[in-house]
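In C-alpha cells below, several structures.
Look for chain A in each of the two complexes below; its partner is chain B in the first and chain C in the second.
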Partner chain A sequence: MNIQDNYLKNKKNIFFSENKDIETHREKLINIFENDRFDKKNNESLKNINLKNFIDFKYKYLISEETSVINNNHENNYSIVSVNGQCSSFKDDKIEITKILDEDYNDFSKNNTIENNDHFVNLNSLFLNSGFKIIIKKNNNIKIKISNIVTDDDLTIFQKNNYICEEGSSLNLIEEYENKNNSTSNILNVIKLEKNSHLNHFLIQDNSANHNLIITTHSSCKKDTTYTQKVYNFSEGHVRNFHYSELLEANSEADLQGIFFLKDNNTSNNKTFVKHLAEDCKSNQVYKGILNDRSKATYFSNTHVDQVAQKTEGYQLSKGILLSDNASYFSKPELKIYADDVKCSHGSTIGPIDENAIFYLRSRGMSKIAATKILISSFINEELSSIDNEQMSELIQKKLVRYLSKVK
Partner chain B sequence: MNSETLNTLDSYSKNKYKYGFVTEIDDEKSKKGLNEDTIKFISLKKNEPNWMLDWRLKAYSKWKKMKEPKWANLSFPEIDYQDIYYYSAPKGFEKKPKDLSEVDPKLIETYNKLGIPLEEQKVLAGVAVDVVFDSVSVATTYKGELEKLGIIFCSIGEAIQKHPDLIKKYLGSVIPPGDHSFSALNSAVFTDGSFVYIPEGVKCPMELSTYFRINAENTGQFERTLIIADKGSYVSYLEGCTAPKRDDNQLHAANVELIALEDAEIKYSTVQNWYPGDEDGKGGIYNFVTKRGLCAGKNSKISWTQVETGSAITWKYPSCILKGDNSIGEFYSVAITNNFQQADTGTKMTHIGKNTKSKIISKGISLGKSQNTYRGEVSFLRKADKARNYTQCDSLLVGNQCGAHTIPYIDSKNNTAVIEHEASTSKINEDQLYYCRQRGLNHEEAVSLIVNGFCKQVLQELPMEFAVEAQKLVSISLEGSVG
Partner chain C sequence: MFLEIKDLSVKIENKNILKSLNLNINKGEVHAIMGPNGSGKSTLANVLAGKEDYEILNGRINFKDNDLFDLNIEERAQEGMFLAFQYPVEIPGVNITPFLHSAINSKRKRMNEEEIDNLSFAKLLKSKAMDLGINIDMLKRSVNTGFSGGEKKRYEILQMSILNPDLAILDETDSGLDIDALKIVTDGVNKLKTKDNSFLIITHYQKLLDYIKPDYVHVMVNGSIVKSGGSEIAAEIEKDGFQKFQ
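On to the complex of A and B.
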C-alpha cells in the first residue's frame, strides 16, 4: 500500500487530523513523497535500510490500557513508563507532563529547516499517533528515567516528544529502549534549552532483531546552555540514530556521542549534525562502532558554521573497528564553514584491531579471543569511564560483556 | 580583522588577471550547437575513420539521455549546450607544419607572452611540448628523440590515424563514455588532446608537457588525453593552462585517462590557471574535468599533483582505481579560490587489489567571496586485503565572506584494511604572522610565506619545471593581498 492510501485509510487514528492547517501541511508532505521517492541511489542516508518496512508498512496502533506510571520515589527523581509512546499527565511544582498539542506540531513540523529532506521525520509528522511533552520548570535540578515499552507485535508507533528546559534548569534524562517484539517505532524528540539550562541525555538501545527503531532528536540551544547526548546502541534490529543540534545563541555547547555494537545482520545508520549560528559556541561529535559478522553501519557527521559564528570550536571524530570480513562501515564527516576565525577538525579511521597490540598481549600469554576482547573494551573505555552515573555504568558494562561473549 | 587586512584584501581583489589578452587569429568554426551533424563535421574535419565516428555518435546518444550531476557544492546558471561552438581550428592548420618556423608567428608570440617560448624551452628545459591552441595541435617538439625510444607522444587525432589498435583498446576503458554526462559529452565532441604510449621497460627521459589554451570566444575545449605506460615503464606528464580574459563563460570538459600496467609509474602534474572571472564574478571558465587513472597491473603507481588557482567553476576529481595488487595511488592538491570562484575538487581512491596503498594530501585556501570544497571518496572493496589509506585535508580561510568545506566519503568493506582521515580548518595563525613581522617581513610577504609553507607538502611533489611556476602562481594569487 502506498503512503497516501495508507494515510487516508488511517486518518481517523492519527493525531490532529481534524485540524485543517495541519491537514494541508500533511498533504504537502505526501506530495514530497510522491515527487521524491525513496531514492537509494542518490540519498546515501538510506543506505542499508530495508525500505519495505517503512514505505509499505501496515499501519496498526493500540492505545494501551495500562496507565503509564510516574513515580516520585526521591525528591528529584522521576521514573516514567511510556507505553506505546503514551504517557499520562502529571504536574507538580518542578515538572509538568502533558499530551502533545496542535501547536507543538506546528512548532516543529512546519518551522524546522534542517530536516526538510529527512523522509523519516516527514513520515513521523504524517502518521503521528502518540507522544508527550515535558516541561522542566525554572531553576530546578531533575533526574528522569523513561522506559519506552511497546506492548504488541506489528505496531507502528509514530511518536513525538517535546522537552522544554526552562531558564536555569538542569535535567538528567535516561531513556531506555528494550523491546522484544516485531514493532516499528519512529520517534522524534524535540528539545528546547532556554537560557543557562543544561541537559544530559542518555539513550540506551537494546531491542531484539525484529524491532526497528528510528530515533531523531532535534535540540536547539539558547545562551549559556549545554546539551550532552550519549547513545549506546546494543540493538539487534535496525536502529537509525539521527541527531540534529542548533546552537542559536552565544556560549552554548553541544556534545553528541555514540557507540554502537553490531553483530549478525544488524544495520545501524547514524548521523549527527551541529549548526553553529552564534559566536563562541562549541561542539563535539564522537561516534565509535564495532562491527562483527555481516553487520553494516553508516555514520554521517556534519558541522555547519554560519558566517556570524566566529570563535567557533567544532570537532568530529569517527572510529570504526571491523571484526569480520563481511562487515562494512561507511562514514562521511563533513565540515561546512563560512566564518574565518574558527577551529574545526575531523578525524575518521576504520580498520581492524591493531595486530601489534594483539601480538603484545598474546606474547604475555593471553589467548587471541581474550586479547581481542580486552582491546575492544579499551577502544571504548574513554566513553564508558566518563559516565558519572553508577547504575548506568553498571548496566552498560553488563551489556558490553554480553556483546563480547559472542565475539569469536 | 584589522584595517590593514581589509585594505590588502581589497587591493588583492582588484588585482587584474595577468594573462588576459586575446590573439587575433582567423577561426574556422563549426556551426553553433550540438547535434549529430556537428559530430559528423568534427569527425570529417579530423579525417577520422568510421569506427571513431560511430564511437562518438554512441556517446552522443548516451549524453542525450543523461542529466548533469547535481551533487556538487556549486551554483551556476544552466549551461546552454546549443550556444557553444564545438570545433574551432586556427586557419590553415589542416595540414600540419613540419617545424616551428612554419607556425603562425602570432601564435608563437602568445606563448612568449606567457613565458613559455617554445624555442627556448626546447633548449633550456629539455621539455617536449605538445601545444594545443584551441583544438588543433600546433607543434610537437622533441619528437625525434622520443621516437628513438619507441615513445609515442602525439595529438590524439594523430594517434587515431596512426595507432588505431591502441586507441581502440584503451580509449574509454577507464572513463566509459556513459559514466556521467560530461564524459559522454567529451566522448562525443572531443577535438584534440595528447596521446602518450611508453613501451615496455622504458623510462621516459624528460617531462612531457602540454600547454592548453582556450582562445576563440564561445568555444568549449574538449580535450581527450590518453596515457598508457606499458610494463615497467615510467613517465612524468605536465599539464598547464592559462586562458585569455573573456566575459562569456567558456565551457571546458576534458577527459584524461591514465593506464599503468605492471610495475609502471605515471606521474601527472597540473597547474590550472584558467580565467577565473572578474571581481564581480562575471565571466570565467567552467571547468568540468574528469581525470581517472587505472593501476591495472601489479606494483603500478599513479600520482596526481594539481595546483588549481583559476576557473570560475572547478569540478574536478582526479581518481585512481587501484586494481593491481600492491598498486599505489597518490593525490596532492592545492586549490586557491578568490572573488566569486567556486571549486569542488578532490579525489576518489578505489581499492580493489590486495596491499594497495593510497595517500591524499589536499590544501584549500579560500579568499574573498569564494567557496572551496574538498570532496573525496576512499573505498575499500571486499578483496582489498591489507589496503591502506591516509588522507589529510586542511583548509585555510582568509576573510569572513568565504567558505571552506570538507566532504569525505569513507567506505570500508574489508576488515584488514586501514583508513585514516584527518582534516582541519582554521585561519592564518596570528602567532606565526607576528613572528614573521617581527623579523622584518611586511604583512604581505609574511602571509605569502605562511601560505607557501602551508602548501609546501604539495608543491614539493611537483617536478622542477613546474615547482617554480607553481610557487610564483601561489604568490601571484596572494599578491597585493591577504590578511
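On to the complex of A and C.
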C-alpha cells in the first residue's frame, strides 16, 4: 500500500487529523515520500535499512488502559508506565503530565529543521498515534523513571513526547525499553530546557530481535542549561538513536553519550547533530560500539558552530571494537565551524581488539576468552564508571555480563 | 633439563629469524643472551612465551618435561614461565590489582593450589610493591597506563615477584632505565633468585650484568647462538662490541 492510501485508511486513528493546519502539513510530507524527492545517497536516516520496509507497513494500533503514574512518596520520585506510547494524566505542584496537543505538534513541525531530511521523523509526524507532555515546574528537582511497554505483536507506534523543564528545574530521567513483541516503535522526544534548568537523560534499550526501535530526540537549550543523554543499547532488534541538539543561548551545554552492544545480524544507526547558536556553549559527543558476528552500525556526528558562537567548545569521539571479521562500523565525524574563537576536535578509531594487549594478559595466565572480556569491559570502563546512579550502574553491569557471556 | 631448546628455526612474514638455535638452562641457573639489534633476541623471548605471530619451521622446546608447543600462552604462564616485556602494553581501564589477583589465582588453580583471597592478596601486593619502591597509589591505576618507562619496568618486576615464576625471561628490562631505577629493578630480581628458579636475561649491555650475575653468557648473532661462556664474554663485548662475532 502506498503511503497516502495507508494514511487515508487509518486517518481516524491518527492524532489531530481533524486539524486543517496539521492536515496541510501532512500533505506536504506525503508528497515528499510519493514523489521520491529526497537525497538517498547522503541521507543518514537511510543507512543500513531498507526504507521500503518501513514505508510499506501495515498500520495497527491499540489503546491500552494500563498506563500509570505513581509518586513513590520518596522525595520527588516518580514512576511512569507508558503503554503503547500512552501515559495517564497527572498533576501535582511539581510536575504535570498531559496528552500531547495540536499546539505541541505545530510548535515542533513549524520550528524544526529536521523534517524533510529525516524520513522517520516524517513518518512519526504523519502517523502520530500516541505521546504525552511532561512539564517540570519551576525550581523543582525531580526523578522520573519511565517503563515503555508495548502490549501486542504487529503494533506500529508513532509517539511524540514533549518534555519541558521550566526555569531552575532539574530532571533525572530514566527510560527503559524492554519489549519482546514483533512491533515497531517510532518515538520523537522533544525536549525544552528553560533558563538554568538541567536534564540527565538515561535510555536503556534491551528489546528482542523482532522489535524495531526508532528514537529521535530534539533538545533545545536556553541560557545556563545542561542536557546530558546517555544511551545504552543492548537490543537484539534494530535500534536507531538520532539526536538533534540546539544550544540556543549562552553557557548551555549538551553532553551526548552512547554505547551499543551488537551481535548476530543486528543493526544500529546513530547520529548526533549539535548546533552551537550562541557563545560560551559546550558540546561533547562520545559514541562507542562493540560489534560481534555480522552486526552493523553507523555513527554520524555533526557539530555546527554558528558565526556568533564564539568561545565554543565542541568535541566528538567515536570508537568501535569489531569482534568479528564480518561486523562493520561506519563512522563519519563532521565539524562545520563559522566562528573563529573555538576549541573543537573530532576523532574516530575502529578496529579489532588489540592483539598485543590480549597476548600481554594471556602471558600472565589469563585465558583468551577472559582476556577478551576484560578488554571489552575496559573499553567502556570510563563511561560505565561515570554513571552516578547505583541502581542504573548495577543494571547496566548485569546486561554487560549477559552480552559478554555470548562472546566466544 | 629445565628448559631445552633444540635446533629451533622460526620465521615471521617470510623472514627467517631464528636459525637452528640451541640452548639449555638448568634449574637455579641465570643465563644472559647478548646480541646486536635484529639478532632475534626478542623473537626468542616471544616464541618462548607463546606469541602466535611466528611460524615454527623446525626444532623443539621442552620446559619442565612438557613439550612447550603443546601449551598455549596462558598454560605456559600457569606452568611457571614469565616474560618481562621490553615494551609493556598500556591497557586503560584494566585495574592493576584485580588483574594481578586473577593472574595469580589462574596459576594456583592449574597447580591445584587453593586460591588466594582478596585480603591476603592485598597484603602480598602491598609488601612486594614496598620492596620495589612502588608507590601504593600506583596500584590503583590501570595496567601500565600513563606510567613512565621506569615505572613500567618496575611494574613488570612487581608482577614477576607476585607470580613467582620458575623461569623468568627479562627482555631488555634495562632499556630506558636510569641508574637508580636499574638498581631497584635488579635488586628485585636478585631477591627472587633461588636454587629452584631460573632466569634468561636478554640485554645489549654489560651494565645490567654488573647487578645480576649470570652463570652463563651467550652471544646471539643472526638468529643463532655463536658463542657461550661465562661473564668474561660480557666484558669482551663491552670492550670490542659485537663486530668480531658477526
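The rule is simple: the second predicted complex is superposed on the first by the 390 of 408 C-alpha atoms of A that agree within 3 Å, B and C clash if a C-alpha of one lies under 4 Å from a C-alpha of the other, contacts with A are read in each partner's own complex, and residues count from 1 in each chain.
As a convention for this text, a residue touches a chain if its C-beta (ideal position, glycine included) is under 8 Å from a C-beta of that chain, and two chains touch if they have at least 3 such contacts.
Since the structure is predicted, the reported quantities are computational estimates derived from the model, not experimental observations.
A.B. asks: Both complexes share chain A, so when I overlay them there, do chain B and chain C fit or clash?
C.D. replies: fit
A.B. asks: Contact-wise, after the overlay, does A:307 reach chain B, chain C, both or neither (first, second, both, neither)?
C.D. replies: first
A.B. asks: Using C-alpha centres only, what angle sits at chain A with arms pointing to chain B and chain C? Round to the nearest 10 degrees.
C.D. replies: Between the chain B and chain C centres, as viewed from chain A, the angle is 70 degrees.
A.B. asks: Scan A:210 for contacts with chain B and chain C and give back first, second, both or neither.
C.D. replies: neither
A.B. asks: Report for A:345: first if it touches chain B alone, second if chain C alone, otherwise both or neither.
C.D. replies: Touch partner of A:345: chain B, not chain C.
A.B. asks: Between chain B and chain C, whom does A:378 touch in the aligned arrangement: first, second, both, or neither?
C.D. replies: A:378: touches chain C, not chain B.
A.B. asks: Tell me which partner A:43 touches in the superposition: chain B (first), chain C (second), both or neither.
C.D. replies: Once the two structures are laid over each other on A, A:43 reaches no partner at all.
A.B. asks: Between chain B and chain C, pick out the one touching the greater number of residues of chain A.
C.D. replies: Larger number of chain A residues touched: B.
A.B. asks: May I ask you to decide whether A:361 touches chain B, chain C, both, or neither, giving the answer as first, second, both or neither?
C.D. replies: A:361 contacts chain C only, not chain B.
A.B. asks: Does chain B (first) or chain C (second) touch A:337, or do both, or does neither?
C.D. replies: It touches chain B, and chain C stays clear.
A.B. asks: Working from the superposed arrangement, determine the closest approach of chain B to chain C, counting only CA atoms, in whole Å.
C.D. replies: Superposed on chain A, the two chains' closest C-alpha atoms are separated by 11 Å.
A.B. asks: Taking the two structures together, which residues of chain A meet both chain B and chain C?
C.D. replies: none
A.B. asks: What residues on chain B touch chain A, complex-wise?
C.D. replies: Of all residues in chain B, those touching chain A are 1, 71, 382, 395, 397-427.
A.B. asks: In the complex, go through chain A and note every residue touching chain B.
C.D. replies: Answer in residue numbers: 42, 44, 307, 310, 320, 322-325, 327-352.
A.B. asks: Inside the complex, what are the residues of chain C that reach chain A?
C.D. replies: Listed in rising order, the residues of chain C that touch chain A are 49-52, 72-74, 76-78, 82-83, 85, 88-89, 91-94, 99-100, 102-104, 106-107, 110, 142-143, 159, 163.
A.B. asks: Going by the contact rule set out above, which residues of chain A touch chain C in the complex?
C.D. replies: Counting only chain A, the residues touching chain C are 354, 356-357, 359-368, 370, 374-375, 377-382.
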